[in-house]
Amino acid sequence: MSIKSGEEYIESLRKLNLEVYMFGKRVENPVDDPIIRPSLNSVVQTYELANRPEYEDLMTATSNLSGEKVNRFTHIHQSTRDLIKKVKMQRLLGQKTGACFQRCVGMDAFNAVYSTTYEMDQKLGTDYFERFTKFLEYVQKEDLVVDGAMTDPKGDRSLSPSKQEDPDLYLRIVKKQEDGIIVRGAKAHQTGMVNSHEILVMPTCAMREDDKDYAVCFAVPADTKGVRIIYGRQSCDTRKLEAGLIDRGNPKFGGHEALVVFDDVFVPKDRIFMQGEYAFSGVLVERFAGFHRQSYGGCKVGVGDVLIGATALISDYNGTEKASHIKDKLIEMTHLNETLYSCGIACSCEGHQTASGSYEIDMLLANVCKQNITRFPYEIARLAEDIAGGNIVTLPSEEDFESPEVGEWCKKYFVAKKEIPVMDRVKVSRLIENITLGTAAVGYRTESMHGAGSPQAQRIIISRQSNLEEKKGLVKEILDIEK
Amino acid sequence: MSIKSGEEYIESLRKLNLEVYMFGKRVENPVDDPIIRPSLNSVVQTYELANRPEYEDLMTATSNLSGEKVNRFTHIHQSTRDLIKKVKMQRLLGQKTGACFQRCVGMDAFNAVYSTTYEMDQKLGTDYFERFTKFLEYVQKEDLVVDGAMTDPKGDRSLSPSKQEDPDLYLRIVKKQEDGIIVRGAKAHQTGMVNSHEILVMPTCAMREDDKDYAVCFAVPADTKGVRIIYGRQSCDTRKLEAGLIDRGNPKFGGHEALVVFDDVFVPKDRIFMQGEYAFSGVLVERFAGFHRQSYGGCKVGVGDVLIGATALISDYNGTEKASHIKDKLIEMTHLNETLYSCGIACSCEGHQTASGSYEIDMLLANVCKQNITRFPYEIARLAEDIAGGNIVTLPSEEDFESPEVGEWCKKYFVAKKEIPVMDRVKVSRLIENITLGTAAVGYRTESMHGAGSPQAQRIIISRQSNLEEKKGLVKEILDIEK
Amino acid sequence: MSIKSGEEYIESLRKLNLEVYMFGKRVENPVDDPIIRPSLNSVVQTYELANRPEYEDLMTATSNLSGEKVNRFTHIHQSTRDLIKKVKMQRLLGQKTGACFQRCVGMDAFNAVYSTTYEMDQKLGTDYFERFTKFLEYVQKEDLVVDGAMTDPKGDRSLSPSKQEDPDLYLRIVKKQEDGIIVRGAKAHQTGMVNSHEILVMPTCAMREDDKDYAVCFAVPADTKGVRIIYGRQSCDTRKLEAGLIDRGNPKFGGHEALVVFDDVFVPKDRIFMQGEYAFSGVLVERFAGFHRQSYGGCKVGVGDVLIGATALISDYNGTEKASHIKDKLIEMTHLNETLYSCGIACSCEGHQTASGSYEIDMLLANVCKQNITRFPYEIARLAEDIAGGNIVTLPSEEDFESPEVGEWCKKYFVAKKEIPVMDRVKVSRLIENITLGTAAVGYRTESMHGAGSPQAQRIIISRQSNLEEKKGLVKEILDIEK
Amino acid sequence: MSIKSGEEYIESLRKLNLEVYMFGKRVENPVDDPIIRPSLNSVVQTYELANRPEYEDLMTATSNLSGEKVNRFTHIHQSTRDLIKKVKMQRLLGQKTGACFQRCVGMDAFNAVYSTTYEMDQKLGTDYFERFTKFLEYVQKEDLVVDGAMTDPKGDRSLSPSKQEDPDLYLRIVKKQEDGIIVRGAKAHQTGMVNSHEILVMPTCAMREDDKDYAVCFAVPADTKGVRIIYGRQSCDTRKLEAGLIDRGNPKFGGHEALVVFDDVFVPKDRIFMQGEYAFSGVLVERFAGFHRQSYGGCKVGVGDVLIGATALISDYNGTEKASHIKDKLIEMTHLNETLYSCGIACSCEGHQTASGSYEIDMLLANVCKQNITRFPYEIARLAEDIAGGNIVTLPSEEDFESPEVGEWCKKYFVAKKEIPVMDRVKVSRLIENITLGTAAVGYRTESMHGAGSPQAQRIIISRQSNLEEKKGLVKEILDIEK
């Protein structure tokens, strides 16, 4: 049975020997590290929910490779229904965690590499597709978490990979051997890296012949020699080192990003899925980005649901829930959130089959989806701050509430509706702080902006897909203008 | 064969004896009236395209009543695919006409009345469903255009139907007879009325027992005795009386709305589909509105395509097409338009089966769709005006361009790119004026605002469907707050 | 006494022999032409109000040239108080007319030419300032309306003046004589041209040596030989030819734009204020644009007041005035309108003295003002359409309301609150149509977009004035980064 | 000489015996506490800059009470020029600190209490004005920082002060004595409390007779017996306890808010400025709010300048500064920021004299100003995050950069443009994080939302001041509708 439990997943992580650094020091036990743990808990949910009958249809699928039931996060989409279920699964997990659950990058990478290697083989006579499906079968069987790694550090943004002063600022092949290659470089902003068994590396942009050595795609175990992970810090991260739970905002769940350094890492031949075929680099990037832009139409909507819920709750607690402007702002938050969901659903529903047999989203609509994601969560967060009131940024610490000296004052003066326990009001306020300013804001705001490509990247695709010539043709027909 | 041609449709209209008034006088021949004709031409397209093989899949469907191929505008949706095809058909027609093609209100009314009468019969033991399907079979067989008539004049908006000083301000039953009923009142803003064979009247809002006589649904031929149609005037309507074609903006297509007065009109029993069952009034309204809010995610997107095309074309003509801000604004227009389309697709894809077997849209997402329609076309129009430049509102008349005295000056000074015929530039400018300020602006702007219900009506449904309790529950689970 | 009455102004216009064309024919009597007249009525208000004691402080000023009291529209600003009063005068006139009153372009041109010619003379030893002040004294004494004429037809926007295939697409000197020059070309979008005594021509953009012949500034009487005016048509313009007044929307006031052709027009030496000094072309343009961008912070706000008033009134009539969403939308309209006003006031209050002694606005803030003008009136109009309801685009014609056949039906079914005369409701609806879609929409929407320069022109100035280096310096100081 | 130096200010604070709590414990030495100190540094700037000749005109004024030069933060505005200078001083301080400098609440309270007590005395024959001016003379002479304290905890927002279960949830008089009063309650969100010498307490809302005991205004030294200050925690506050400076974002400056408990505090008679005169409560609140809403048109604009500068700098460092979309976003940020400034200037310029002789802002425009403040800083922050890229939320810690194990990797891979020191890039990124998500986001975002009253409070004033009746009158005049 390939569906693992959360416990089995955690145990499998303990067996890895990851080289993780944080605050300048090696983290000996990442699984139990208090700063990292909430992000692990989010990934655990991708296992736990897959074992609950009520979520089976969303959380699992039948593998086209093995015919076995697999966790949907390892699945190659076989229909538009699969694409839609993916989005719904992501919304569900966003709802359950109120955070980034990190496992999407792997899933999106699988689906991008799958159809691209197929087309490479068709055109070039290579055997990348076979190599990749073998890797994927292993992933599905072991129910692994895989970091889909795309973004290079990029150095001077006005220069291409091979024109950088330091050639390593984009990850590249530094040596080719009989049995494989040696790679050097780094991948930045790697979501969920420390909770991953494997890393699936892809190139970061379309490339030309000059950049051939940068056109490389491969997978290695996360604890391969030479792989060094430097943990990214987040707003309010060290609150997780404090004694109490409340000031953390979300006491259970979180996400993380990291810099992954590849210090002359060896990749064996059967784990290489692109090696210099720069012409396919752009396609692979566009597909991964496309799938990941769709993803945000699910996961961010789920987090949005939590934020809307928290905002509705705090207005109940405050006694403002009947004010017409409060009700109207909650409607607006819902409206924006469901518009995002509509975009996630639409690009899935309008998907199409690739040459490999798998399904991919409608590219125009997936980019439209992500473009909205760079806007609406910010407005939803603004409205949440409006309704929640100033408390979310001026509340005393949990220790003050517990203090023998001032605890009674805190409890006396932060009561709102008398029947609501004051600490419930504090908890909900801290959760709103968490999503709008704290650790989860990293995922809900800045990652919504830049994850799966910065806004301008979507605009370029929208422009390319907007088919202005056809639209001009419509006008000429109505106006009898000669073409 | 139930699919009629455009020509057959026009001939069938000539046989009607409609009582139409405009500018205070009876219109003897509405079919050939220059002000009305462009709106007729739009409806003709709903027939013409249904006869073109490349559009057959979108434009036609197999009737669940007769098993015959019918025009999709008369079809009861049998699946979410049908719902999606409906939206695509509407986008297509918007693209072909750059205007409102008016036939959607009938289609949306059929689908709303179908499932509602079924449920009424189930609950109340009435036979409305049978009556209605019989009527619908006739509509499908004859390929008719039917005005779906909902909006009453409403008088003082702060009073319910039965509380108005003049009881006729909402349409009502004034007499019940053995063989039918006599109705009095009016329906306002009736889109495409003069181009319709039949009128399908529905109540305008949820009602209580006091308003029982207002809970009435029925169909009568458009030329029934006592039915008087007063044509609504539009911005720039009389340009269609001028000699030239160019200043009309859209020389071929348009839309119209009218006030329809029911001056003690007799409705025979077999054409009555609700008579006093006020408890079902709200459901019927909500369904019709829901279907019609979906519709706008197709038709307005198609008109948007034309406006984007015209804007791209005028920037080509002006020589501004390479400016980065112009390109960016075209991207924004496309982005907004495709967001609307995503909403149209999503509420269709997420549709569900009704008790009657027909399919209806997801109500939350359909309302989200329409809410966006009340905003984005305005912004798209604003951007079109930005790119088009001041000419759209300061150009001399077509007669000036043709004038022996000043024509040469006009032609000399309105040249932009030398290879573009000056009159083509004028034509495209006038089309943009038409959609942003002229006759088509009525459909693209104000109807986007109020058609299928004013914005606040959608907010009420969004509020009702937003399931805040479930969202609060998500928060309580994450924060371990007792429920 | 230099303050003329409205009647004197009208009489002075009758004496002009303007060559005006409309619908392809010469207009024999522009003053009494029904299409032109409402725009004349608006200009008349600039005279009438100057004679009313309650407006004296705003409408008049003491000339720095003559020491006489003059109409502020002919005044050179002597202080920031003058700049502020200018904006308030413009808001007042917008409020009184609900339309464009056209006289600002002249005032803004005077102020731009005044300080620029002074600086030219200082630098180049020319005598343009003296020539110009003499002209201006005449204007002040006779209380004239002057068309400030800047925008050339421009042809292919990707080419500079001298690179156009037809060299006349920018107005230019075609012959230099002892006693003056001959000019050829045209000025487009000339606001209020037909109601003007004189035309003050300025170059349309910054120029280089190649474009020397295009760097020309001068004034000629509006009826000078060779000056041909082709009247621009507006949305709904011909409603003014209909019998009734109501469908016109605004029965009294309007605005207009025209193309003015200079067919080898002679300009005498003392009326030339720039002749080839291309280096000063950019300064002059920037100043005129700056003053005119300030102007919109007054006039459009006044029209906005009328639109807000009409919207509030129609909601009273409809019985919706107590709905919280209606009240909130009226607040939003007011908020946006007053934000525009704040920008108009701020760029005035932050003005500074020029070398000539006159005052000019703060350039950054004036451009910020205009940039907001390209956005907020559109949103105000959208909200007006929201509150007003569909009637504004579906109401029957005035003739229907007067018709013996259908008048009673119209009156019966368009009643809203019983105590409000139905025709008052119709009037207000038509006024809202007028400002959002009709003749006044030309001024309130598209002119807000493009008048005084299209939005991108403001962005260029904002960029130039944004002083990013200083702002970077602030950061370096806080962060101890070496400069 | 009443202008104190920064050093003198710090020394004066050391002499206070404040009862401050943080993380559940008493803070023995607030002046040198690492979490509090940056906020103190910001206040120090209000002294330091007042001693620099180049800022003398903005930072100081001549007291109307003593005729002495005083720090403008203690000044009663004597003209609209004073109001304008106030805004400019605030922008300057925002620019110098990139943070909230806290001293405005006192200044705004002085000006509100000044004119209100004058009017109370005029109407009621009390001597509050004399008492208050005596207090203010002392403040000016000693150059004190005063916390203007308005916001009560408020408990259940749907109940008035006297209807709360716990009557202390609004601050109130619990005992009246010959020599003064005893007060109990608390003030929440008190900006700069720990850096203040005195507290000037005002009522929080308009009140009725029932709430008489809550209508109380007075001043007490910050270290009065019974005054307990509980420090509010902020996003990322504990980074200030870490060894390095960089991750703090802003290494020097900050702001703070606190809960201030009044545990049966005695107020001597001469320090009481309102005691039960509930009818004046609303006026005082509206004036304080009005002045403080004006303030934000200065201080937030200054912080905005820093954020724009940081964003421009990071794009220079990244090599993206020439991309047209980057340039355009910087223009938009500037445009929005200067719109806010325009509102700050306009409400000042349009100010008027009060009965007391002091000047107050235009209330409508001040509320419009603040309403924009609840929107634009959020959009400016969003654009900053867009341009800055994901690094601001995924960068490793400063300790990683300094680490012998991974420092070299961090430095290698976070290089952008080769000539820019990598740590400068990190510093600027951390500053952007600080303002958008960290300690300064509390001031730049949430305080922009709720400080000086939540958005709905402004909408109520805008509604009250919008003069719809006059606007309806304009329409009736144009349309000849009888009034």
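When the chains are written out, they are named A, B, C and D in that same order, and each has its own residue count from 1.
Note that in this section contacts are C-beta pairs under 8 Å (C-beta built on N, C-alpha and C of every residue); 3 or more make two chains touch, one makes a residue touch a chain.
Just so it is clear, the structure is predicted and the values come from calculations on it, not from any experiment.
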item: Candidate from A-D, B-D or A-B with the same interface as B-C, over half of contact pairs in common; value: A-D
item: Pair of chains joined by more contacts [C-beta pairs], A-C or C-D; value: C-D
item: Intercentroid distance (Cα basis), chain C paired with chain A, Å; value: 52
item: For chain C paired with chain D, centre-to-centre distance based on mean C-alpha positions, whole Å; value: 40
item: Per-residue multi-chain contacts in chain B, two or more chains; value: 325, 328, 459
item: Complex contact set, residues of chain A against chain B; value: 84, 95-98, 250-253, 305-306, 308-310, 312-313, 316, 327-328, 330-331, 334-335, 338-339, 341-343, 345-347, 349-350, 364-365, 368-369, 371-372, 424, 427-428, 431, 459, 462-463, 466, 468, 470-481
item: Chain A to chain D touching residues, read off their complex; value: 21-26, 151, 153-159, 165-166, 168-169, 186, 188-189, 228, 230-236, 238-239, 247, 257-259, 261, 263, 318-320, 322-323, 325, 374-375, 378-379, 382, 385-386, 389-397, 399-400, 402-403, 405-407, 409-410, 412-418, 433, 437-438, 441-442, 445-447, 449-451, 454-456, 459
item: Touching residues (chain side chain A, partner chain C) in the complex; value: 324-325, 328
